[in-house]
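Two complexes, one shared chain (subunit A), two partners (subunit B, subunit C).
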Partner chain A sequence: MTTSLLDIRDFTLDIDTFDGAVHVLKKINLTVRRGETLGIVGESGSGKTVLVRSMMGIGPKRSRIMDGRIVFDGTDLSTLDNAGWAKIRGVRISMIFQDPMTYLNPLFTVGKQISDVIAAHHRATGKPKAGKTARRARAEGLLSQVGINDPTRVFDQYPHQLSGGMRQRVLIAMALTGEPDLLIADEPTTALDVTVQAQVLELINDLVRTLRLTVIMISHDVGAIAKVAERCAVMYKGEIVEQGLTKDILRNPSHEYTQRLLAAVPEIDEVAGVHSLLECEDPAPFESETSPAKPLLTAVDLRKTYGLMGGGTVKAVDGVSLSVMPGEVLGIVGESGSGKSTVARMLLRLIEPTCGEIVFDGSSITGLAGEALRRKRRDMQLVFQNPHSALNGRHTVGDAIGEPLRIQTAMRGRDIDKRVEELLDTVQLPKAFKYRYPHELSGGQKQRVCIARAVALHPKLLVLDEPTSALDVSVQAQVLTFLEELRGELNLTYVFISHNLAVIRQICDRTIVMKRGVVVEEGLTDAIFDRPQHEYTQALLASGRQTSRAALL
Partner chain B sequence: MSHVDLTSETPLSFRERHASRIRQLRLYAHMFCGSFSSMFGLTLVVLFLILAAIGPSIVPYPQDTTGAVNMEARLLPPGAEHWFGTDEMGADIFSRVIVGARTSLWIGIVITGLGALVGVPLGIIAGYKGGWVRACIMRVTELFLAVPGLALALAIVASLGPGLTNCMIALAIVWWPGYVRLVEAKTLAVKEELFVESARSIGAKTPWILWHHILPNCMSPIIVKMSMDMGMAILSAAGLGFIGLGAPPPAPEWGAMVSVARSYMPDWWWYSFFPGAAIFLTVLGFNLLGDGLRDILDPRSRER
Partner chain C sequence: MLSFTLRKLLTVVGTMLGIAVLTFVITNVAPGDPARLVAGPNATEDMVATIRTEYGLDRPIIEQFAIYMKDLLSGDLGTSIVSTRPVLDELIRYAPATLELVLVAMTLGVVVGVPLGMLSAVYKDGPLDHVTRILSISGVAIPAFWFGILMQLFFSVDLGWLPVSGRLPLVTRPPEMMTGSLLIDALIAGRFGTFQTAFSHIILPAFVLSFPCLASILRVNRAEMIEVLQSDYIVAARAHGLSSRRIVMIYALKNALLPTLAMIGLRFGWMLGSTVLVETVFDWPGIGLYAVSSALASDFKPVIGVTLLIGFFFIIANTLVDLAYAWIDPRLRRA
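The block that comes next holds the complex of A and B.
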């Protein structure tokens, strides 16, 4: 018989702020049975992280438990003092985090950090302190348990020498040192590439099986949740709006929010509605090779080489050639480190290519400098990955959107004001937003502001560098749809960079796949997705499909 | 979050347009008021500023501040007639201390102002440009920082000749390197931010980026440092005054007053005590104010 390991009853939490108390969690009821995996899905700001942090007693400062309790294996966690927590935190409940790099100390080897955790556990549980060799053996055992092939070598490495997936494995190994009953995973795969994400999820599944671990995993990615969790809860604005078996929720979501969330998940194997419609109206120019249409942007043999401190060089981009037709959406897909962002910046001459030629709108921009390059920038704009840091926090939205006008045109005062209002209209934001500061806006709104800024000068080409990867799924869907509309409205050409295959499929006409600075495959999006030729593309698609909606049902 | 209806088409009032700014200021005020030491510092500074502004017109013996001699009343202890007592020339110390506030304020403003005016642009250019420009600026800065500031100032005043103006020039010369260091470090961090690249991608020129993006984001530490430096500059100037390189007597300069009063210790304690206390309270006030400003302006030291 399975007993409940964690029982949350009517848990209500407020956080005091300057503007008064904010009700972050409202009457949360949740039960986790031993050996079970529970997923918690929700957007950013839904309170899911605050909830799991409260389970660890590391909730935000100035938070107050208004009502309810969290009972873990018979102990009421909401009344524990520090001494009580020491016996639970990290020993019986442990946690892994979103960004493995920031949670590892760069100054110590992986082995040292795990050994320290082992020693701390021995202290906390009152066991005699194990010797150095014993701890090393234990640490290596843990590392091999989390699927690291040569633990002896990894033991002596520093975090920066490991890949993102390896780091996350190390963090998991660390979390397992105390042989916890409950493992809380806070977005464990969000910062990872698709292929690595699939492996880490696989690992969590294995651990649940072999160690009879109980896992609570939070994520905004429904696919990831569905892969590991048999039961899941959907959080929305501090409430659990729906919980039950993951399968049931995915098949027939009952709450309106869950339905919206699921509908927003882009699907790898679904030919998107909007863009195929556009294609029908206007047969894609690149298909008719005979037509005299000239490409808007051509890059030939772009290379970027960085010198290393100890001599030697790194080839970030190694001979990439591409061309973009007017009105087309070219996708560049690849994992982190594949050089796709470097290509984007080289296309716009924000990074100097080591060699190669870029022709934009009929003229070479490779040799341009100073004023000429500045003028050229009007026609090509970049939208950044992270809208939160792409806007200067000291400028109002109006200043931010008006900035390109002030720099590039002779417009002044009233005219700029008017144009800013028009642009806000174009990106479907209220006019009064021009008085707001970026920190008052949500992620999706900020990205709209960034887009408004980018289109302010009527550019011909928009390079979008992962424009939606920092956003929630439902917001991502809105932004993508909006980008499609905008393209039609303003006659734009997009170069769309993403690691998310489903997004690429939804929006791009043609796609190139990059790996380690080289283009491995290139062609029409549908052709690439349906009949991938290169084995890397196949691997990418396979791992992408694992967490896609179709695989779950 | 604001509760203003953002969809309405009617023009917004001033309050509504600047709702975010107002809220921000209210938050700052709220946090500032919550700390006793910040408020104490602010009170001292405000008091000092008021005295500097209206001091000369409210003091009981204005003629005493310009060198009037009244030998009958020399070295009187504090009393109803002379609140802080009198000095060896029979001048009212209360009047002289209050009028001295204006000199001190002037010293503080000129030194920190000149220091920041020279140091901040150099720091921003060094941090943003990098390469040999940065190397040159930073090496010169380090050269200045390597020599003890007051000793260098002393040498400069000695060669220029004593006097208040020369004293301020000397201190300003040793003051700017601190700003270069601070601003350079901050600029190095800010220039890596995405919004700088974003500005570059829309074709902004370097001066535009420095003025609109880098400088506003460097302002908080600059303001904090300037506030603290006001105190330090007043103290340093008093130090130079003490060794006789500052304002010549009979100008009511606090450092010079303590210097003369030194030989009348301990029997005529009030003579050195009150100018000394004025220096102490002013420096304390500016330092506490700076601390308080740092607490509200620096997000890292903030609890929310």
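The block that comes next holds the complex of A and C.
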């Protein structure tokens, strides 16, 4: 157990760009012992993905090793040629990836992709090439090893016919093909739902035990790291700022960055946060009213049915009713496929409901069309999940924020300019940002621009569809705090959609839990979290708590 | 897949009807009195009136349309005034030459364009990439008739390597007509000498016709390959230890081929249209040359016939592209 399998010494890597070399990795020192699981924590841009890809020789094209070396089982990897790599890559070191949706080739069956990997390994290691049936048998064996119940059927399926969790299992099967010594897991659960996350982590833990794998797992999710890794390293701006036993790092982080990172992680069972902090400063308006006020938004029996090409229908949303009081934050929580995004889009009439009634601000908007609907849109705006794709790369920030003003108001030229500056001020960005293009901004800054654009017309209602799930934990915390402040400042009402229970707990007054198109539970957020009634809510909370910090200490 | 194919074939019928209607409308809204055009500049009023009655041009427009559609459906495309023969017979005579030319040109475009595009993507910003970039820009920018004449001057007049024009020299007896393609018919008849002669005649026009098509296929395939090579599943394939050759030629190329296929379908129709120019320059006896000579003689029935035929080929080509799409991409094969 004490022999080191991978030894990284003073590894320094530059990437050439148009503006000169960027130091992506600085003097990395890391040792991985045979049989252990090492975690690497860090946010996007910290260099953790570049580091692990360098271990497989698939790092960025224009990168240069400036100093140091990576030694794997006695071999210095930086000296390998193509033939040398072929014996290592996928065979002795293999990798699983973040987003199972995009890491499988869409045009080939699962079986074909696994069989090809098997064939490539035989060629690289000089073993006799196995026949088609032998490869099929091996591939099906691998599929059942990763917990796929009907490998024969899955073998002939295409990636788009599988769920996210299944695809991740297929990718893990592919990574196990060469019976590797070292498995690198690059954010393997980030793109998955909570319950699926827990299953995949469980699977990785099982495989480590049964196959005696050595694992490097990288993640920005401290909870996931803590669940599988006994030792971990914290990366920040291309450096390892801290490493040691995971428990020690979680209990008393010594580096200032680690402390900040841990403080930013929202906790399911932590009520104290921005939420209560804000209530002291500015009690939410709906709570101060004595008589029950009229709801700002009411939806009755919303349904959305999609017809399938081969006949039959899918009920994406099956009879959802909800109401939102002015000034309230309503959370909608559920896994992917539960219909929560469809509900959000129907509330804004961006998707036509198959049936149901929506009353917004005292008047029904179900029957509105054309100009009347367009005018109504001023009062209700949407903030999207992924700020990177929600902004047009060819428009400046000023154009993006000014766009609703140009479309919906009579404002022109200098007035718009002035209002854009005000809005940038509101979202706490410098005025000069209006000249910038989206690619010059970080994820958190882009999401602020999206929020500025959404509030440009003084809407009454803001629907936030997973506004922080594409962001790093520390950025997520900033955006959540900011959303809370903004609500008080502009007198907004939020419908907040998320699959992240901790985030919901932090920001929402009331919550509804959705599963397969229906509401299974609704009530005050604290009540739902403390005393969940429906078994689905209980299961959801249980899997969420598994990776929470509190559970691991 | 079967119902997908059947649905596609149904849309072919619908689109063909649309083309037929559109052709009729255009010939009827075009300025000028067809009867007077047919009769010629020196005709008397009586002659014009006779022709008008003979061609049914004095009847109400709806009735004319009904007759036009009835004739079309029974395969009657009218009679050419110049040759006094049925247009359909003449199309059957001329179409194989054009199809042969277009198919050879398309094969050239695909066989050269796709690999070149793939290679310039793999060796992006290398010497080959720069050469293909110049090639693809000139391919789209140079007008076909000028390029054709240039090629004739260089390869036929200056170097004397290839014949200037035509399909076969007058002295050569054409092989017995089986498919209409001289190349294939000569092979079937076992006359390899004739095959060689026919081949030397088709090289220049096919190359001139395929150059713009080759250029755009190259361009699209290069751009797509560059994008695909950066995608996650290619990174994953490398990490799983697949060889670079397999990754590029199979895993990436199949994905990049989808948009390239769409370009091929479009370019096919475009090629049929530019046969009008290329066949004139190279004196190639196909429907393009037939359309030009008929139009110059104000002979309208053949022009309508050629329009319908080109439309028909275009639809067939694009339906094949649609089917190929579904064959390659499982996500499009619904139900």
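One rule holds in what follows: the second predicted complex is superposed on the first by the 536 of 553 C-alpha atoms of A that agree within 3 Å, B and C clash if a C-alpha of one lies under 4 Å from a C-alpha of the other, contacts with A are read in each partner's own complex, and residues count from 1 in each chain.
Please note the rule applied: a residue touches a chain if its C-beta (ideal position, glycine included) is under 8 Å from a C-beta of that chain, and two chains touch if they have at least 3 such contacts.
None of the values given here were measured: they were computed from a predicted structure.
With the two structures aligned on subunit A, subunit B clashes with subunit C.
Of the two partner chains placed around the shared chain by superposition, subunit C is the only one that A:116 touches, whereas subunit B remains out of contact. When the shared chain is aligned, subunit C comes close enough to touch A:107, but subunit B does not. In the superposition on chain A, A:347 makes contact with neither subunit B nor subunit C. When the shared chain is aligned, subunit C comes close enough to touch A:94, but subunit B does not. In the superposition on chain A, A:408 contacts subunit B only, with no contact to subunit C.
When the shared chain is aligned, no partner comes close enough to touch A:296: not subunit B, not subunit C.
Judged by the touch definition given at the top, the superposed model places A:86 against subunit C, while subunit B stays out of reach. In the complex of the two chains, the subunit C residues touching subunit A come out as 231-233, 235-244, 246, 251, 254-255, 328-331, 334-335.
Of all the residues in subunit A, the ones that touch subunit C in their complex are 53, 56, 58, 82, 86, 89-91, 94-95, 97, 99, 102-108, 116-117, 120-121, 123-124, 158, 160, 171, 174-175, 177-178, 308-311.
Residues 17-19, 61-62, 348, 350, 373-375, 377-378, 381-382, 384, 386, 389-396, 403-404, 407-408, 430, 432-433, 435-437, 440, 450, 453-454, 457 of subunit A are the ones touching subunit B in the complex. Subunit B makes touch with subunit A in their complex at residues 1-2, 4, 6-8, 12, 16-20, 26-27, 30, 193-195, 197-205, 208, 212-213, 216-217, 303-304.
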